[in-house]
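See the structures that follow.
Shared chain: subunit A. Partners: subunit B in the first complex, subunit C in the second.
Let's turn to the complex of A and B:
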């Protein structure tokens, strides 16, 4: 449902069906809605059977990369004598994305159930739900749900009386976007700084505590009980487009739009209808100008591209961007694109862990140059420098945060170059330039204290 | 809240809180993994994480104080100085900026008397900072005040929000 709005008739509310119902947060309320029947069913199967069902459903990771979940699970070898771990990635910090928050706030038991099934399927006795520290309400609800599930014997040493041990623990993060990157999350859980690890080894070989580990996004895990209950064919049939994109997906919508919120649709839905019908189009008197459809890390689309997009993994790629985490950020005709892009660059500069030179220096310099352009002090050379920096930041670092910073900059320069040029030549008049973006720049200039002249 | 060096440090991990930490330790295969949770407890008790707090955590988990400091400084949510009674975090990342987060920030700075980001107001009541995405972008502008998130904040609501703080 479009929480905080009512479910739109064209939505397919499966994961979000019970958003807004306070009773669904409790164990009793959840059981009344069919909760934990899928876990019971799962515990009567072998792990391999569950993995096969998830594979057959076509479910792909909802955290950003879209990796097939069943295949990821099949890399784990239950019975190899090692402790296995499941990490649930509830770090949700990608600007534009706020779907996992609503899942945990409204249906915490759905996630406990998804984690328990996932853990069992990969031969893990322990699952950790790593929740970003700012999500205090989610943490409270998740801790309550976990405690209720333990007290009812649903999880613990003898999960649902089957003699199997499944522990689920909530772990609170402490403020760092980079801890959403899978190996950084594991480092953080181990009580370290959240620096991403060099891969290989991949987590399935050596992950949390150096043991075989699978990491999945919140939304990925909560889809699994539905797949077990209704069968993989049911899930697979839920697609309006390609067999490579199956099931329903939550899209978070924010920015300059009439009805921001979460919307659950079947993959393959036309993006144009989504934007103008479900989300209510622009605010009165305004026009949409640009969309970042998959969270701040993906390329910006013009409205022409957006309106031609099918909302699935391939559809977004075909229109020059990516589905990512499903965080749809909309800018209208009153926005100054260079200013918005500069602020995104600052986000990445702030969140860079600093291990790789290209990223540490590149994100800081990109921000500095963009802010200079926004302040009306840029040059045409700056535009070339930005593209050079972006090139140097792409495909060369330990994780993709660096690439993520380059994506909105390169696409912004391609598609809205006239706005940058107008700032440089001083021709911009109708929109506020917002020269004073926001503060915090001291941290950035510390990182960018060498090299290029300012 | 004890300011560094002026009041003696009170131990955190005694009595019930020691038991809480012991229960947390059972969740992990080693003690180090309890570092973030232990630091959270220190911050809950003292309002910030002082050098003494880091030393206590280090001793409890068999780590060095220098190591603990290295971890504390990585994360933005551990306060390394005392902060105001109300710690106000305003998201100003682009999705919120395009919806007016800069005006919200200005209003908070003005009405709290802080005037500057990161500086505690003269009465010790408020510290206002800008933060990156709070994961509530559809409710722009979200403002986190201590543990609570206030959604859909606009500049004209700021005075009323401040008046409602207990």
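Let's turn to the complex of A and C:
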């Protein structure tokens, strides 16, 4: 990690090696650390060779879906006579996730380099870095880095003197979570309302401006220079559990934990060690109760499940959840799960674009029911309604925001049903909550009774 | 070039449709209606209402049938439990914030939300929370927006964006706060904007003109053709208690797609006018039909007829006028009032035309002369025959020159001088007939209401006059006359009311529907 804590000995700092070093933000500082050598090497290769190396490395998308990056790049047909585009998804808005922010904050040139290599590999001359609007600091650093790279001739009409054109543009989002969905991001880049598109057609066929487009997460792109410099075998060897999950991955940790922050580990690391050793375990006098391991969209794990998990794409699935974006949210025994889940649902209701019926109405209804339960006005029928509603919201919409809202509700109800029931029956003593909740739930109750969704 | 056919099975029925067809459209060919809201054949696919989700065998999840192309060997289930449950879920969600104010909603009775909820929705709601509320908004033009009833299908937004090409509507806000909004300082004042009211599947967009005027189930509906201009948009005339209360477009891909302009739509009050010519007249006094016809024949005896006709009259009328002047000598003239042309940019060859009459093409096909001055050249002694023109618009010079005036029309003629005979006739919604649009498409209109008093269809009155003038003919219906004109006019050769159907046929050699 490197910032604000020192790198833990059990971390594998590759992407995060230079976090905390202000000098690494400048072009000179970055070059001193070996920057842009991979781009130089890449521009001497053919795009197909780069795609093959990335394929061989086993790199998978770090944004959440975990799609093999080399395969994604190979969908871009060279010589089809159309302009190709690379989009870098830097609209990091998944609750609990803040890894891309740190990458852009400390090593902006790493992303410029990753974008340039990615663009060249897919036959694109233009790359857009779509940054979440609230990330003002990242936007500043990225704009500075891009300007420096242009001035130094690293990118532009004659990238590194090779005669190849690679343009990189920084685009500021307007702060909508849904614009992190790849097709909504493209709509937004085109200047339209950020609504997800129906797929097919997939972006590789018709993406940005209806042209073949590849979209990659920040962390995915910054991993590519390291793969080119060290070879695919080096990257592939970094795998502790499943051979299908290779390389290092940044995990953002927040919630009730001693040392929140970003941690970079090799995939397959034991989650138990991660939580108790790297992150320092629970705060004094507390016990962990539950974990959301991959950003707010993935199912909640109990500690039993979490402690049995190996931290890779397959390992999380085996324990009933997903790796997602790597945003680890930890709840300890002082937390009231229904209240936490209600807060998550409210987030999704607020961020739903409102296109699809199930999502527009379902996320809002789910939130209202949950907030009513938290306010002590719930009934047992509400729990059944929540589950049926969640079923109705899963797998039926254009994008997965609706599914994401349903996931913590379903897993929360499966795993922490007694906490919901305690709220319904009014047996507050059985809950691990005190006066604080009562005060807040009365606020929620006031909001619910006036019909305001805050 | 036609696309190759794809074979699939929908609800157990084998279907063959061109490649690229959506499952929803393919199902229509098999007689299966897949319930839907946001899909409309005249608009780009949005795929947002999620009502048309169907179970396609081997697909991992339910597929939106509006946005999924057919594939060889597909097996589609529209009414199995999985699809039904999904639709039930959508209906429940659409209703949780819906005011359920059907008793006071104009759309009631023709509302797709109502229909599908009755068909397959839940009987009760599990929603216990306060409903969302937004005030009614005036969208300008003839359109009122009731956001509480809106299901955000975005048909109106897509119509203004992609068909009208004037993107004044948009979805504002997001999530469950989403509403349809107009652009700042803009409203639905465009010439075709009111089509959003028809497109709206629920009672969210209402016509101010029709507001609270009638319930949908009280209306009688007849297929007709708009006479507002020479485009000949296919319409439905809706009447209640023998009065026209609303005009709506009727789909015809070759003429008006699914649309009609606001000017045509709102110009119907003249069809209900009360200052009608309701009884025949002879020599200035009310008379029997036979007396009036005899008076007209007497006036025409040995005289030339100078006929001025309204060019929105039917082909049958112009055919009979041609025969009448064939007997008496003289000519048939008409003028064409002009107005501003207003195209609907998203549909090829569709516009409110500058020629604000419906049948100039047909009139010319039967030898009538188009002129700006139809009353010029009335020679002394001519009989001036006025066919459905406004009496007040007839210049006194023409009346003075004429030896007699025969009035065949809908308006009260009592102010006309030298009025020898007056025949009360039915207007366009009170009779049957055909019109020929500017591209030469011959289209039928059907009677929608009863004519007042002793008024008869114009073809009926003119046929009587023609027979009284010595023609050997026996016309009992408008279709008899059409059959006679089809036999004697090469451009109409082979046509009959049956062959025209309700979508019309182009004249031989005409360019009707070119490029469609």
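Assume the second predicted complex is superposed on the first by the 428 of 454 C-alpha atoms of A that agree within 3 Å, B and C clash if a C-alpha of one lies under 4 Å from a C-alpha of the other, contacts with A are read in each partner's own complex, and residues count from 1 in each chain.
The criterion applied here is as follows: a residue touches a chain if its C-beta (ideal position, glycine included) is under 8 Å from a C-beta of that chain, and two chains touch if they have at least 3 such contacts.
Quick caveat, the model's predicted, so the values are computed rather than measured.
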item	value
Most subunit A residues touched (candidates subunit B, subunit C)	B
First (subunit B), second (subunit C), both or neither touched by A:193	both
First (subunit B), second (subunit C), both or neither touched by A:176	both
Touched partner set for A:351, first subunit B, second subunit C, both or neither	both
Which superposed partner A:372 touches (first subunit B, second subunit C, both, neither)	second
Contacts of A:163 with subunit B and subunit C, given as first, second, both or neither	neither
First (subunit B), second (subunit C), both or neither touched by A:360	second
Partner chain(s) touched by A:254 [first = subunit B, second = subunit C, both, neither]	first
Which of subunit B and subunit C A:392 touches, first, second, both or neither	second
Contacts of A:132 with subunit B and subunit C, given as first, second, both or neither	first
Subunit A positions touched by subunit B in one structure and by subunit C in the second	176, 193, 350-351, 353
Contact footprint of subunit C on subunit A as seen in their complex	176, 178, 193, 198, 349-358, 360-365, 368-369, 372, 381, 385, 392, 395-398, 448-451, 453
Complex interface listing, subunit B residues touching subunit A	27, 29-30, 32-37, 39-40, 61, 63, 70-71, 74-78, 89, 92-95, 97-99, 101-102, 105, 117, 130-140, 144, 147-149
For the subunit C and subunit A complex, residues of the former touching the latter	45-51, 53, 61-62, 64, 67, 86, 89-90, 92-94, 96-97, 126-133, 151-152, 154, 170-171, 173-178
Contact set on subunit A toward subunit B in their complex	83, 92-98, 100-101, 132-137, 167, 169, 171-177, 188-194, 209, 252-256, 260-262, 296, 327, 329, 331, 335, 339-341, 343-344, 347, 350-351, 353, 434, 437-440
